[in-house]
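Two complexes, one shared chain (subunit A), two partners (subunit B, subunit C).
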Partner chain A sequence: MRRLPAGGLIDRSQTLHFTFDGEMMTGHPGDTLASALLAGGRHLVARSLKYHRPRGIMSAGLEEPSAMVTVRDETGSTPNLKVTEVPLREGLQVSSQNALPSLEKDRAAALGLMGKTISAGFYYKTFMWPQGAWHQRFARLIRQAAGHGKVDPSPDPALYDKRRKSCDVLVIGSGPAGLSAAVTAAQSGATVILMEQDHVLGGSLLSSDATLQGLSAQDWAEDAEEALRVLSNVTVMPRTLAFGQYDHGLVQAVETLPEGSSCQAVFWKIRAKRILLAAGAIERPLVFPGNDRPGIMLAGAVRSYIRRFAVAPGRSAVVAVADPQERADTVAALREAGISIAADLPAGARLLATQGKRHLTGLAWRDAQGRKQRTPCDLLAMSAGWMPTAHLFAQMGERLSFSDQTQSLLPPETDGPLRPIGGARAVLDSADCIADGKAAAHQAMAELEMHKHLNLSRPSPAPASAEVFAAGKGKAFVDFQNDVTRDDVALAQREGYRDVELTKRYTTLGMGSDQGKTSWTNGVLEIAALSGREAAEIGHTTYRPPYSPVSLGALVGAGTGMQMTPILRTPFHSGFEKLGCVFQTSGDWLYSRYFPQPGETMAQAIEREARAVRSSLGCVDMSTLGKIDVQGSDALEFLSRLYCNNFAAIKPGRLRYALMLREDGYVFDDGTIACLGAEHFLVTATTANAGSVWRHMQKCAQVEWPELDVSLTDVSDHWASLAIAGPNARKLLEALGPDFEASRQAFPFAAVREGQLDGLPARVFSVSFSGELSYEINVPAGFAEALLARVMERGAEWNITPYGLETLDVLRIEKGHLSVGTEIDGRRTPGDLGMGGMVSKKKDFLGRALLQRPGLQAEGREQLVGLVPEDGSTIIPYAAHLSDSELDAKGCAATIGHLTAAIESPSLGHPIALGFLRDGRNRIGDVLWAHSPVAGASVRVRVTAPCFYDPEGERLHG
Partner chain B sequence: MADAPEITRASDAEGFLPGPLGLRLDEEFLPLTALNAKPEVLDSLLPFGRMHQDGATFLLRLWPGTIWSSGPLSAGSYRAADIGHGLTRFRLRGVEALHFLDHYTCATLFAPHIRQARCIRTRLGGHDATLWWHNTRDVHAVVYRSAAQSFADHLRALALRHDPADPSTYPRPVNPGAPDRRG
Partner chain C sequence: MLLIPCPHCGLREESEFTYGGPCRDLPALDGQSDAGTWSQAFHMGKNPRGPLRELWYHSSGCEAWIEVTRDTASHEIIPGGQT
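This part shows the complex of A and B:
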């Protein structure tokens, strides 16, 4: 055990148990998996991506590049979690990844001997032939040898949520700068959210031995936290990772809730007027041969494990830290933990190599005088300096610039909503960070006019140490996660991939789940040194969210299953449920599909329903149609401009079929216009276009023709609509006891009546989609069930049969009626659909000008036709393509059209189809081929008119 | 003529939502009429973006050319259309009612201008929703009738995801001497 006897922010009174690769281990509340593993003496926790080199824990935060594991808990297993980010919980089962067969004895480690052979880009050059082997063999082999954990395919039982919040000032990070900024802004009266990825506040203060304003760093952090605790205008969000910044002050973050919460994680969208990014800085590793061995850690991580987690990460340490002050702090921390200092490398030392198989056992180095030294050790604390964590800042496209002074990429001054403060702008001293946070908060408050301008000066970024270490020759890793070495970067430069974006893609430098957190600055410096350019010229690649990986479950939130999108139900839904309806989603609607009787298949049910409508009586839900109430002295003029056909003579009580065009002359939608009064109309739109037509009409009324006196009201949901169709429809209507006359003469086809129907207020439209005598009965939606009950009760005399969307489709195809999405597909003119005669030549209407385009008036356009099998019985495959010729030897044939609908007609007793055929109306009677490569069928079909059933329309009148 | 038929409900919302927040969701019928007129005509009745309730008369104007009206109203030069059956009014009651909804609405319900107006048209989980409230513990939410069951189901799913006391997500009681909460 390497646990220190005292100190740290852990609760020693409780012991938590977990397993690592089956081995039982323990830790305490307050531990991360990393600190618990180190406390248990476990350094080797992973194998590297490509070479399968042994890897340990290098850092203490989310910048960890190597130590990734698969964690299994009660919700399943999650791969690729960084051990430094996982709070220890009872019962976790942790397993290593990418090791064959085990972490200790990984056969694939032999790949490390092929370093030169499998350098950067080797797979682009190597797996060139034989053709086809890439997918069959090579890709599989590479994926087997290199990779991370495996995704658990079982459903995740955990709950997630997605919420929103807003505030005046959002502070990201709770180190000295963040706490100082939050307290300053909150005490000025702003609503403040303080977000911290860790479960405790304090950031770097938790492992600092600095004295701040007379208090220890930890006490200062506690004091600031207490100051925030008493303010009602502050929300503190620990365990919350801000991973993306977007337009207008939007920050997205994921909060991981404590164990026992209802929800595992919450995805937050937080909009703030000002965002103070106090995310601190990430320590830069040294690049030298063998710098990836377990036992080699960032110096800041060493201090953190000792002071925060009370863990001694080694027994004998070498210190290789560039900054003198940090070096002294690290040495002090090591001494606090009783770790002997094997060597404190002086400036100018050259690091030559490390020894050890699965753990560091020694370091070879050369001093400034060139003398070679070999120092036995099991811990190397290294640091080349610090890199500001300005990722969120750069995500909005602002470029970071390399500063020679700080030897890091720095964010520029900005007047945008997000302002880096403290370590995020390379201010590294804790006292300076406190001053910077305060000054930045005052500045933000002044900009928000919540405080007067104080013009507090802000500390300057801390210059990088003049002391540097040199490195010997050998396999020196720049990117630990992707196994990118200094030689790989050099190879990319030699082979011409000099641009930073090309270097990244050729070598994979900075890719992966850590997105170059520990590697990018070193990568820039390596490229600069190799190419002889200034580091400032190199630039950086694009920073994109997420800053660090977040759970997909959190991004989805509650939007799974039935919660994914709103589901619309018609007013008849529960009534139809009682009738045994099978529903289907159609757009957003949950629509009645068919009504099977016991033992019936869908096809049998559809045939029975269709025959019932044709022979007696059926009823179908039409509530999903769009319904728009149009009133005003200019209502008729408004509609006349919207629709292409002429209905100027329409009288109250009558309705017309109407066709609406888009501005470009193509058919947009069809529906009916019912005249309820001299200045009052009800317009229907198709289900699919209900929303679009409503928006289109509003736009026309408000923007195109504001001079017209017209009022629009969407009453789609107000009216439930049940169509009764069949030869006995009028008998049923009369049986329902309307307070208006319903005879053929008094209530003809294409008319509307308002009144009472069996005690229900109703509007009845004599209009038909099925081709039979039909009435669409509209009642206020709350009376839908009452209407359905009455219709079913009174209709029993004629054996009324409810039918659904499938039968509705069969009936309309038999009749040759149009459907949006199939025939009205956005590419058809009225003429293409056989409705050219409807288009008014006298009036102006929307779409008229562009309908006259030569292309839309050309001869030979595809036109709607009907099709029947030449032999009268062969089924016509759905979605087949039409051709004059048979398929050739290659399975090809010149296409002259395609099918839009194909059924076996119950009424006609043979298959029929609708389709678009080039110059179709002139080809009626011709015999063509209908080819369907998907169905593997080709059928000879004869071209007919699109209306197969009652072409004279006699049945509509009863 | 038969007795006036009962208006059937659009959802099964009646009672407490699951979860620990103690929120109650009930569906109540509200006979609404859309009053359409030129904005200047409606301005005399109710300014844009406002809600007014006086006894049984309820007015809500969240559209320039339309007012939602319920209850008796003096005659005016408006064009009326019944819309009450097409909209479903829910009442969400409980200490955290408005805070709960605020987590999920596109609009920030505690923004100063919205707190003052106490009404807003917004979206919640993909649903178009019109909200108004007289106090934060009793919120009226109106959605299209066709989406009512889906909306109620969604609120139930969301309520399950909360804990009784979550200091990170709720404003705390005001401490004596603390600055006023802003925004």
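This part shows the complex of A and C:
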């Protein structure tokens, strides 16, 4: 065991059990998976992506490139988790990835010996032929050999949620800078959110032995946390990863909830007036031959494992740390843990090679005098310096600039909402970070006019160490996750992929789940050294969210399955349920589809329903139509500008069918305009366009013609609308007891009556979509059940048959009536639809001018036609294309149109179809081909007028 | 995700709005303008890199159509801005 007897922020009174590749291991609350594995003496936890080299745990944070595992818990398994990011829990089953058959004996490790052969670009250069073989063979083999964990295909039973919050100041990170900034802002009265990705606050203070304001670093952090916890204007959010910055101060974050919570994770959208990014800095590895063996760790991670987790990650250590102060701190930490110092490499040392098969056993190096040394060791603590974690800053497109002074990419000064502080701008000393956090918070408070300007000076970024290490020749890894070596970067430069974006894509440097957190600066320095350019000229690739991988479940939140979109139900829904209705979704609506009788198929039900409407009486829900109430002294003028047909002479009590065009002259929607009074109209919009027509009318009223006196009210939801249709519709209307006269003369087609139906307040419109005598009875939505009950009861005399969307569609296709989305598909002029005569020549209206464009007026455009099978019986395949010719040997034929609807007509007793045909009206009577490669059918069809049933429209009047 | 200043509701999330495109000065419906005039106004909108007058519809709010001047490069909303 490597667990130290005392110290650390772990709870030794409790033992947690977990397995790694089936082996039982233990740890304590406060451990991460990484610290528990190291405490159990396990460094080798992974095999590398390409060469299958043994890899250990290099870091103690989200920057970890190598130590990725699959973790299984009660909700299933999650691949590619970094052992450093998973807090230890009882019962976790952890397994290694990319190792066949096992970590210790990986067959594919032989690949490591052929490193020269599978350098960058190997796949592009090698698997070029035979054509198609990449997809059929090579890709599969390579994917199996090179990869990470496997996705668990089973449904995720865990629950997720999304929430929003806003604040004055959001602080991301709870190290010395973050805590200091949060306390400063909170105590000045700002609303503050403090986010920390770790499950405890403190950041670097948790592994520091500094004395701050007379306190140990840990005590200072605890006091600061205490100061925040007592303030009601502060929200402290541990376990919350801020992964992206977006426009106008939006930060998105995922909070992972503690074990035992009902919800697994919450996706947060936080709006802040100022964002202080205190994400700290990431340590830069040394690039030297064999720098990837298990046992080689970042120096800061070594200190963290010793001081925070009370783990000795080795017995005999070599220290290779560039900065003298950090070197001394690392040596002190190693001594605290009783780890012997095998060597403390002096400046100018050249690291030549490492030994060890599955774990580091020794280091070969040369001192400044050129003497070669071999130092046995099982731990190497390395550091070339620190890199600010300014990712969230750079995500908004601002460039970081390489600073020779800090040897890292630094965020520039900015007046945007997000300000890097502390380590995120290369201020490294804890006391400096505290000062920086305070100064930045005061600056933010002053800008928000919550505090006077203090103009506190901000500490400067810490310069990089003047001392550097050199490296020998050999396989030196720059990017550990993607097995990108110094030679690969050199190859990319030689082959001309010199731009950083090209180098990245050619070598995969900086890709993967760690997005190059530990590798990018080394990559830039390598490119600079190879090309002789300044590092500052090289720049960086684009930073994009997420900063670190987040669970897709959290991004989706609760919106899965039936919770994905809201479901709208019409006022008749429960009444229809009692009638045995089968529903279907139509847009957001759950709409009645058909009403089967026992033992009936859908096709049988549709035929019965359609026959009932044609021969006697049916009823159908029309509540989903958009209904817009238009009032005002200019109401008629307003509508006249909106619709293309002329209805200037409309009188109260009458209604008109009307066609609305878009500004560009194409048909937008159709509906009816009912005149309820001289200055009062009710217009309908189709179900699909209810929202967009309302929006369009609002725009016209508010933006285009504000001078018109008109007020609009969307009353779609106010009214339940049930159409009764069929030859007996008038008899039923009269039986419902209207307080207005309902005779053919008194209440003709295309009229509206307001009154009562035996006490029920109602508006009745004599309009027809089915082609039969029909009344749309509107009652206030709350009376829907009462209306339906009366209609069913009184209608029983004529065997009233409720029908749904299927029959509605059959009836309208028989009549050649238009449907939005099929015939009105955004590409049709009134003329295309056979309604050119409706377009008024006496007035101006929206769409008139652009409808006059030559292309829209051209002869021979596609026009709506009807189609019947030439033999009178063959079913016309749905969505077929029309052609003058048979399919040729290749299965092709020149298309001259397509179908929009095809049914077997119950009323006519044979198949019929609607479609658009080039120059269609001049081709009535012609015989064409209807080809459907999908259905594998070609049918001879004869062109007809689009209206198949009662073309004179006599049945409308009863 | 922008924050859009609605004159009635204050600063609101972009997700409450429907985008209405750049402001267009459409010809009057007086029967005088031809397709060319309309096409120029309707189809040939400006697409500058920089401030642009736009319409936004507060669909999940007060249902007002509002004019907003937004810098298309930086997404900065320019208060009371004209281009």
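Some observations on this one:
FYI, the second predicted complex is superposed on the first by the 958 of 958 C-alpha atoms of A that agree within 3 Å, B and C clash if a C-alpha of one lies under 4 Å from a C-alpha of the other, contacts with A are read in each partner's own complex, and residues count from 1 in each chain.
FYI, a contact is a pair of C-beta atoms (placed from the backbone, for glycine too) under 8 Å apart; a residue touches a chain by one contact, two chains touch by 3 or more.
Keep in mind that what you see is a predicted model, and the values were worked out from it rather than measured.
Of the two partner chains, subunit B and subunit C are each touched by A:R271. When subunit B and subunit C are set side by side, the one touching more residues of subunit A is B. When the shared chain is aligned, subunit C comes close enough to touch A:K699, but subunit B does not. Of the two partner chains, neither subunit B nor subunit C is touched by A:F747. Touch criterion met: A:F845 reaches subunit C, while subunit B stays clear of it.
271 are the residues of subunit A that lie in the contact sets of both subunit B and subunit C, per the superposition on chain A. Of all residues in subunit C, those touching subunit A in their complex are 1-3, 13, 18, 20, 26-27, 29-31, 33-35, 37-39, 42-43, 55, 57, 59, 63-65, 75, 77. Partner subunit A is touched in their complex by these residues of subunit B: 1-8, 10, 19-20, 29, 34, 36-37, 65-66, 79, 81-87, 102-106, 108, 110-111, 125-127, 144-147, 149-151, 153-154, 157-158, 160-163, 166-169, 171-175, 178-183. Within the complex formed with subunit C, the residues of subunit A that make contact are 246-250, 269, 271, 641, 663-664, 695, 698-699, 702-704, 843-846, 848-850, 852-853.
Only residues 159-168, 186-191, 230-233, 235-238, 240, 255, 257, 261-263, 266, 271, 450, 558-559, 562-563, 565-571, 573-574, 589, 629, 631-632, 711-720, 756, 758-760, 780-786 of subunit A touch subunit B when the two sit together in their complex.
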